[in-house]
Every structure is written in structure tokens, then in C-alpha cells.
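In the part that follows, the structures are each spelled out as C-alpha cells.
The same chain A turns up in both complexes below, where it pairs with chain B and then with chain C.
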Partner chain A sequence: MLGVVGYIALGIGATLLITASAFTIGGILAIPLALAQRSRFAILRLLVRGVVNLVRAVPPLVWLFLVFFGFAELGLRMSPLMAAIATFSFIAMSYFAEIYRAGLAALSRGQEEASAALGLSTVDSYRFIVVPQVFRVVGPMMASYGIGLLKDSALASTIGVVELTFRAASQAQQTGQGLTIFAIVGIIYLLLSLPLAIVSRQVDSRLRARFSVA
Partner chain B sequence: MIENLLSWTQYLPALSKGVGVALSMTGIVIVLGYLLGLILAYASVSKLQVIKIVALVIVEVGRGVPLLVLLYIVYQGLPQLQLTPTAFASAVIAFTWSAGAYSAEVIRTSIDAVPNGQSEAAIAVGMNRLDSFRFIIAPQAIRVGIPPLMNIAIQFFQFTSLAYVITVPEIMQAAYFQATVTFDYFSVFLAAAFLYAVITIPATMLVSRLERHLAKHL
Partner chain C sequence: MNHPVNNTEESAPMFLRASGITKKYKEHRAVDNVTLEIDQGEVVSIIGPSGAGKSTFLRCINFLEMPTEGTVSIGKESVAVRTDSRLPSRAELAAIRRSVGMVFQSFNLFPHLTALRNISLAQERVLGRSGEEADEKSYQLLKRVGLDKKATAYPGQCSGGQQQRIAIARALALDPLVMLFDEPTSALDPEVGAEVLAVMRELADEGMTAIVVTHEMSFARDVSDRMVVMVDGSVVEEGDPHAIMSAPSHERTRQFLSAVVGR
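After this line comes the complex of A and B, so read on.
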């Protein structure tokens, strides 16, 4: 049994790689999307809204298959790992855009007006006034989306990425001990999400102590 | 040109059989999941430590473990205990577990959202605990809880796509079969995406309208 657990645990690397890459890439790509939703141009706002809603309306598994199998048919062939990272980054991007938007909306308009009144440039106002305050609201939400991403990364096993769930499924088939093996994998996922859960709670309570964010 | 752009629509009839399976699975899961959620929410505030801990473990596992892993625990795990549920039943069990866990959290927080003064006032005017819950707490908690509970239903309609991995003939299973026959992967999965979106987007819009409507009376 110990050998089986060791074999499965080797999948932690791939699971964390997918999660961390999608979190980072999605988090960065979401910034222009969130800013576009505050644009003066209604068409741009509508377009971004549409994309964000569409991404969330289709299950991740469908996006994954569309990217891995569909794009290959169109000539864009990717390894399973690349396809998984690309898909989850794309999905994370739309969720983060929504989270940032909510964070920006929670910030009183007066903050930006005040920094403009003080003569700060747009960039400086974002850097010193808006972003630090928005991050405090958005941080816990990002941490809990990170946990969601970790769980979603299990889907990568369906296109053949050799991560935790894939390794577990292959071992379960070989040994016939499905219950034991998947219970262990479940515990591994819970343990992996623990640090994020703690961060999300700590940030949250520290914030409540320092600011009265609703 | 237009014909090329719309070539994916030819797969809609073949996939629409899966829509029925997905929707009926969602219906069963949601009814059972809300019931389980109600029981878990009640058990998680029980005075008996054992019941409380069991409820909390069921909720934490249901929310914290990937749904795909829960699905495998039921479908590939139960045979280890000499139980062999069908693929459909396995999916229903796994999804109900998860839906129940999420619903329990929503139900618990909705009840918490009703100010304490409400139940104190109910007791002050001579109501017993059951009546205070039935006439004072529950009607207010329901206004808070209904939109997130309906969002859970929409979520689980999307999650039915996972049942594909254990051969339930839902939308993705039908799509994968079509794709392997025609090799037209992109169009087939585009058609699948369309079917999910065409159900999910109006449902989401309806829920957010309802949410705004209910919020007026809070």
C-alpha cells in the first residue's frame, strides 16, 4: 500500500503546477479585462461581460475538450499538460476578472476622486490608492478561487495529464482497491487546499480587524 | 461560408438526447441534495458532539474533495465493499453528497443571516421554538437562501458533464461518441458548449432577477 501511495503522491507536482500556472496566468490576464469593464466605451464593456459570462456558462470539461481535441483538429496541437494549463488559465481569467470587478466596485468612488483632487496621475492613483485597498477585499476571494482551481485541476486526468487523479485511477484499476485509493487521494487534496484555506481565513480576519470592509 | 460556420449545428440533434439525461440527473440530485443539506445544516448545530462532527466531516469532504474524485470513490470504491451501483446511480450519489454539502452551508448561513433579535422577539411574544422558526425565522431565511440554492442547481447541471468519465450517457458522452465517429472534434464540442450555455445563461439571468426582486423585501 505504501508503494501505491508513493506512486500517487508523485502526481502532486503536476497538480500543483497546473493550479499555480493557471492561477498566475489567469490572475494577470484578468487585469485588462477588469479594467475594460470600467471603460467609457459601452461596446467594450458589453464585449468583456459577454466573454466572462460565456466562459462561466460552459462546464470546464467542455472547454478542456474543445482546447485539447478541438484545437488539435484545427491544427493547434498541444501536449495534455499544455492544454490543461491553457484551459484553466482561460477559465481562471474570467473568474478573476469578475472578482477584480467586484473588488473595484466595493471601493468608494470618492477614493479615486480624492486622489485626482490631490493631483495624483491615474497610474499613481491605482498604484498607491486603489490597488492596495482592492487587494484587501479581493485577496480572500482569490484564495478561495485558488482552492476551486486545485479541485478543477483533477479534470486534467480526463485528457491524460499524469497528475494525482490520473495516477489514482490507474492504481485503482490495477489493484481493485478503489475505495482506499480514492479516499487517500481525497485526503491529499484536502491537505493541499489547507494552506490556501488558512490564508483566506487569516487575510479575512486581519482585514476585518484593520478595516471595516463589508 | 455561412454553411461552414454553422456546420456544428448538425450535431445538436445527436447531443440533445444527452440533455434529457443531464436535466433529469440535475433534478434528482437537486431534490436529494437540498434534503441532505437541510439534514446536514441541522446536524451541524446539534448538541450531540458525535452528530456534529460527522455532519462537519461530510460537509468538508463534500466541498473540499474534487467532484471527480468523489465520483470515483463511489463508482470504483463501492465495488470494494461488494456494492455495485449503476453508473447513473453512482453519479447521483456522488453529486448529491457534494450538492448536500454546499446546500448545508447556504442553509446554515441563511439562518444565521436573520438577526438574533427576531427569535428573541418571537420568544418574547410567547412563541415556542418550532413556531418561531416556522413563522419568523424560516420565511426570512428563505429570501436570503433561495438565490444561492438556485445557483447550486445551475452549477450541478454543469457538473453532470463529469458523469461522462463513468459512461453515463449525458451530453459529453454523446459528444465524445460523435467526435470519435466523425473526427470533427471542434464542431462537436462546440455544439456541446452551445447546449450548456443555452440552458445556463437564461437560468443565471433568471436567478439574478429573482435575487434583485427578493432583496427588495429584506
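After this line comes the complex of A and C, so read on.
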């Protein structure tokens, strides 16, 4: 049984790789999207809203297949791992754009007015005033989305990415011990997400003790 | 650029001159062709009923509100906005805002920064002062408003009155030529407001140039050198505060004063 656990645990790398890449890439790509939603140009705002809503309206599994088979159809050979990272980054981008937007909306208008009245440049205003405050609002939301992402990454097994769930499924088939094996893999997911949840809660309560954003 | 300023008598340059300020929302004129000049060391209070456009006018002076039309000159800087022309450039806005300090009704301190940091940040980023220099100045100003003990406190750990005094220190830190106060005590309990007014009174005595939108009639009467009464977006009366309050010449001023005085 130890051998089986060891075999499954080897999938942790791929699972974490998909999760961390999607979290990072999505988190970065979402920044211009969130800013575009505050643009003066209605077309830009509508366009971004459209993309965000479209991505979120379709199940992640369907997106995964669309990307994987879609790119193959276009003659672009993409490894299952690459396709999974691309898909989840794309989905995370849309969710993060929405999270950032909510965070920006929570920031009181007075904050930006005060920065402007002090003569801070737009860049400085974002850097010193807006972003730090927005981050404190969206941090916990991002952490819980990250945990969701970790679990969603199991879907990558369906296109053949050899991660935790894929390895568990193959072992279950070989040994016929499905219940035990999936219980083990469940515990592994729990152990992976627990630290993230704990850290995020601690950071959040520490910041909350000091100040609250209106 | 030549701006067709009305009455172009080449008198001594006023410290601050906001002329022909108009702010339209659709067809509604929130501020209708208001001109205000203020000399160095002068304190002008703007009073009037709610919705008279007092705050909007004040916010047009540092372009937090973009006037539909009008010119703002401070020292050597002059920025004009005309309905049919371009908006002021970033550099022009920066120049005006550097010369003007603003205190808001809702304080608007930065909640994630300590009192000291609130005051130092713009000194470093806008004026290019070193961290040490800025902190030194900030500390002096906190002392000035009686809050040096709160230097490391966050705004959330300070009372409303303390926050407003910190906000005053923050605006003063940039050595503005003119201070704008937008109903600085309206969000405060009367006794807490009194401590803010006391600070403003002291600053006025020390020669601060300021425009104060306020409902504090006794402050307006005792501290300001001049009083401006706004009604429906226009100035209806202007002059010595005591004279206006004891013998208002305009019917709307009379109505307004009888409603607020002795309240």
C-alpha cells in the first residue's frame, strides 16, 4: 500500500504546478482586465464584461476540452499539461478580474480623491494607496479561489495530465481498491489546501485588527 | 495661450483667483459663473443652503471636479477650462494641486498607513523630500495639531476629530499656498468639531490662506475675513462676515441665516 501512496503522491508536483501557474498567470492577466472595467470607454468595458461572463458561464471541464481539442484542431500540438495550465490560467483570469473589480469598488471614492488632491500621480496613487488597500480586501477571496483552483485541477486528469487524480484513478483500476485510494487522495488534497487556508486566515485577521477598509 | 478673462484690469496679482467657474450637470448649473479672489493670509468662508454648489465650487478650484468652464490662477500658475476646448493636462493639474491643500468632510485618511505615513507619503512622492526630512516635518505638524502621540497610530485607532486634525496636517505638509476646507466638521459631533475648529482658528491666526465651506456660523463670523453667500449656484452676497450676519442685504441670505443661526 505504501508503494501505491508513493506512486500517487508523485502527482503532487503536477497538481501544484497547474494550480500555482494558473493562479499566478491568471492573477497577472486579470489586472489589465480589471482596470479596463474602469475605463472611460464603454466599448472596452462591455468587451471585458462579455469575456468575463462568457468564461464564467461555461463549466471548466468544457473549457478544458475546448482548449485541448480546439488547439489540436488548429494543428497546434499542445501537451495535456500545457493545455491544462492555459485553460485554468484563462479561467482564473476571469475570476480574478471580477474579484479585483469588487475590491476596487469597495475602495471609497474619497481615497482616490485624497491622493489626487495631494498631487500624487496616477501611478503613485495605485501603488501606494489603491493596490495595498484593494489587496487587503481581495486577499482572502483570492486565497479561497486558489483553494478552489487546486481542487478544479483534478479535471486535468480527463485530458491525460498525470497529476494526483489521474494517478489515483489508474491505481484504483489496477488494484480494485477504489475507496481506499480515493480516500488517500482526498487526504492529500486536504493537506495541500490546509496551509493556504490557515495562512490566509491569519494574515486576514492580523490586518483586520489593525484597520478596516470602509 | 490667451484666455478672454472678463475685466482684465492688470491689478496686483491676487494670490488665488478662480474666475467664471461654471459647472453644469446636463442642463443644471450647479455652479453658475462664480468668481472668487483671495489674498495672501486671507480666510474666506463660503456659506449657504445645502445644494447651493459651495462644495462643488470648492472642488472645481483644485479640479477634483472638472469645471465646465472657468479659469483658476494660483501664483504663477493659471489653468483655464472652456466648454469647447481641451481638458487641463496632467502637468497643469499637478501644478495647481501642489499649490492647494484640501481637507475633506469625511477626512479621507489612508486607513492602511500610520498617521505619520499619511503625512509623509506625498511629501516624498510629490515634493521629493527624503524620508527623514518628511517624517521630521510630519512629526512637527502632528505636534502642531496636538497629536504627536498618535504618530504610529492608524486612522482607525483615532477618533473622528483626531483624524480630521491629522488630515489637516497632511494637507499642510506640502506647504500649500491655499488651503481648501470642505465642511471639515460636518461629520463630527459638535464638541469634537470644536477641537478641529480650534486648530483651524490657530492656523488662521498664523497667517494661513484658506477657503472654508462651512455651516459653523460662529466660526465663519469670528475667523473669516470675508464671507461669501452662495445660493442656487451663484454668489448672492459677499463681504464682511459681521456685516452680513447682522444685516444681510439679500432676501435669500436672510432666509438662510434665520434658519441656521439660533438653531
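Criterion: the second predicted complex is superposed on the first by the 212 of 214 C-alpha atoms of A that agree within 3 Å, B and C clash if a C-alpha of one lies under 4 Å from a C-alpha of the other, contacts with A are read in each partner's own complex, and residues count from 1 in each chain.
Heads up, the rule we're going with is that a residue touches a chain if its C-beta (ideal position, glycine included) is under 8 Å from a C-beta of that chain, and two chains touch if they have at least 3 such contacts.
In this text the structure is predicted, and so the values were computed from the model without any measurement.
Judged by the touch definition given at the top, the superposed model places A:87 against neither chain B nor chain C. More residues of chain A lie in touch with B than with the remaining chain of the pair chain B and chain C. Residue contacts after overlaying the shared chain place A:69 against chain B, while chain C stays out of touching range.
When both complexes are overlaid on chain A, the residue A:116 reaches chain C alone and has no touch with chain B. In the superposition on chain A, A:124 contacts chain C only, with no contact to chain B. Contacts of A:136 after superposition: chain C is touched, whereas chain B is not reached. Touch criterion met: A:54 reaches chain B, while chain C stays clear of it.
The intersection of chain A residues touching chain B with those touching chain C, taken from the two complexes, is empty. Put simply, chain B touches chain A in their complex at residues 60-61, 64-70, 72-73, 75-81, 158-159, 161-162, 164-165, 172, 175-176, 179, 183-186, 189-190, 192-193, 196-197, 200-201, 204. Per the touch definition, chain A reaches chain C in the complex via residues 108, 110-111, 113-114, 116-121, 124, 128-129, 132-133, 136, 210-214.
By the touch rule above, chain C contacts chain A in their complex via residues 62, 64, 90, 94, 97-98, 100-102, 104, 106-112, 121-122, 125-126, 154-156, 170-171, 174.
Residue ranges of chain A in contact with chain B, taken from their complex: 53-54, 57-59, 61-63, 65-66, 69-74, 147, 150-155, 157-158, 165, 168-169, 172-173, 176-180, 182-183, 185-186, 189-190, 193.
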